[in-house]
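What follows is one structure encoded as structure tokens, with my remarks underneath.
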């Protein structure tokens, strides 16, 4: 069952609130960055590739 | 060469690995999200307070899983390196390149949460506790592998060199951990060790298991995503990647 | 033309070659030693000249300085051989590469670790190390610097092909040095406190044996990667 | 039984950072052969030679030494082959005699007649002066002195004539000729025209084709 009387008590966490919330915030940010990094890398790579293949087609040097 | 089940070689081909693991990603993402949300809400809101440490012990629900994965991640990196070196499987080197920054980030999380946890417990952010010090050394080991990987110009030599370093590091981790523990007991025998699970009340322990499972799913998810991006990078000259770029999938 | 292979084995040939080379550049042997003494004089200047306080930190300080001095001299272990092509000739020898690497590590210890060990009593006096600690210090440094040379060889082999690889070498090797530092420094500290030092020295010997087991092979593998790169 | 060729290379290819240097190179080296590898700069001549010397491992393809894959007879192959690369492989702080001493110990299949070899390459007068004081040509000659000592059947020479004067080139060519006549084999790259019409392998057609 819920350990805290009110939302305010939940935020304050008996005085340890800042430490707990900052830790969870930093962890969340890191996890999000870890997920975004490969997605961004992939999108950037595919964009470059489509540019290269488009420019390759226009310049006639078809790359198999 | 050692005989392997057929699927190991099929999985070894980057193209098949890419398409096969593509199907697993949504499931992994779903599982990780659910487990992490449930575990966090359970740990933060419903787990009982710790008698001595009060609510600051709730940081355990992210510190311990991150520390777990940081150490396990190093071994994943070393196994990938070994497979890459011994069976010359390019895919294994890609897994290593994806695992290194992931492991380093999780070690950073473990260190950061450990330091923040130390403040209410011991009054200072940095305590030369055995577990935290070993975590710091593990962080340096990760940085060593990443720095070595980026120092080489040719990716092939880079992956082989970092594989060798990951293997040497793995052989040394138990030694480092044991010597840091021995050093710690030498200087501060009395005080309790941080994150030693002090005969935790079952209600405290269950959310921890959920969080650990969540972190494992998350680790697998990000490792696969990173490896797949690395595959696209390494195979950018092949036809199937070019088609992929066109279809924009 | 009888295929007379010279009586000296490849191992001893490389040892003699590197020793001759070292004594042709005699100045270079002194560098780590001067560094060792000079950096030890920073402590009284930076921390405290007061003998009693110095005595408390002397074991650790001397060991850290010895570690840094060894690290300083590790970078050039394979560098000149890599640059003039003799490393490639060694790698192509029918003698396995790890044997030749072991020979080079042995010489590196003889010209850096050993002199450091023999010089350490001077630092013991300068940092007012209590008398009980001297013998254990020399023993622990003798074992420790050998292990440090072996471990450092792996880092040197990994970074030999990288321009300005010196900093990266220390970043790679430092974590692997820590167990040796922990047991080496605490052996001297225990001797100073009058406790038995057998345990710590035994572990130091074990660390030396362990690094003797993995370092030559790891370094040889790393050299082949560097040559391939 | 048919005499197996010394060296059989099939479909050798090499990629540097996923960029193919050459692909599908196959050739055979028999006893008594002198094979010249030709091709423009960057065609991969040095890469191919370093592959034959076992410094580089091919991305694809196989190398057989007397019918056996290299990975199975590495030590034996290395003791039977002599590789001279771009760098002389000589320590400048040591004298030519000392350099040859350690090189002999590292490659045991050598006759121990250092002074004879040094006089053949005209370095006997400098036998005891440090190599640092020698010219590039003389340094190259210290490395070439090993050809007079070596018992190895396969010679792999990468641009051996660089910095060598006209007389030296002539001597080296006769040396290679005698070696081939005695049943040895030489794989060489050079931009100088060779008088002794060796077999040729041009790397151009194998390069730059995308796998």
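Here the chain labels run A, B, C and D in written order, and each chain numbers its own residues starting at 1.
Convention: a residue touches a chain if its C-beta (ideal position, glycine included) is under 8 Å from a C-beta of that chain, and two chains touch if they have at least 3 such contacts.
Values in this document were obtained by computation on a predicted structure and should not be read as measured data.
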Of A-B and B-C, whichever chain pair has more C-beta contact pairs: A-B
Inter-chain centre distance, subunit A versus subunit D - centres from mean C-alpha coordinates, in Å: 54
Subunit A and subunit B, separation of their C-alpha mean positions in angstrom: 17
Length of the line joining the C-alpha centres of subunit B and subunit C, rounded to whole Å: 32
Distance from the mean Cα position of subunit C to that of subunit A, given in whole angstrom: 44
Subunit A residues counted as touching two or more neighbouring chains: 63-64
For subunit D, residues contacting two or more additional chains: 210
Sites on subunit B at which at least two other chains make contact: 154, 156, 236-237
Pairwise chain contacts under the document criterion: A-B, B-C, B-D, C-D
In the complex, subunit B residues that touch subunit C: 85, 137, 140-141, 143-144, 147-148, 151-154, 156-158, 160-161, 164-165, 167-169, 171-172, 175-176, 179-180, 182-183, 186
Interfacial residue positions of subunit C with respect to subunit D in the complex: 1-6, 8-10, 12-14, 16-17, 20-21, 24-25, 80, 83-86, 88-96, 100, 227-228
For the subunit D and subunit B complex, residues of the former touching the latter: 16-19, 210
List of subunit B residues in touch with subunit D within their complex: 154-156, 234-237
Partner subunit B, residues of subunit C touching it in the complex: 154, 158-159, 161-162, 165, 168, 171-172, 174-176, 178-179, 182-183, 186, 203, 207, 210, 214, 218, 221-222, 225-226, 228-229
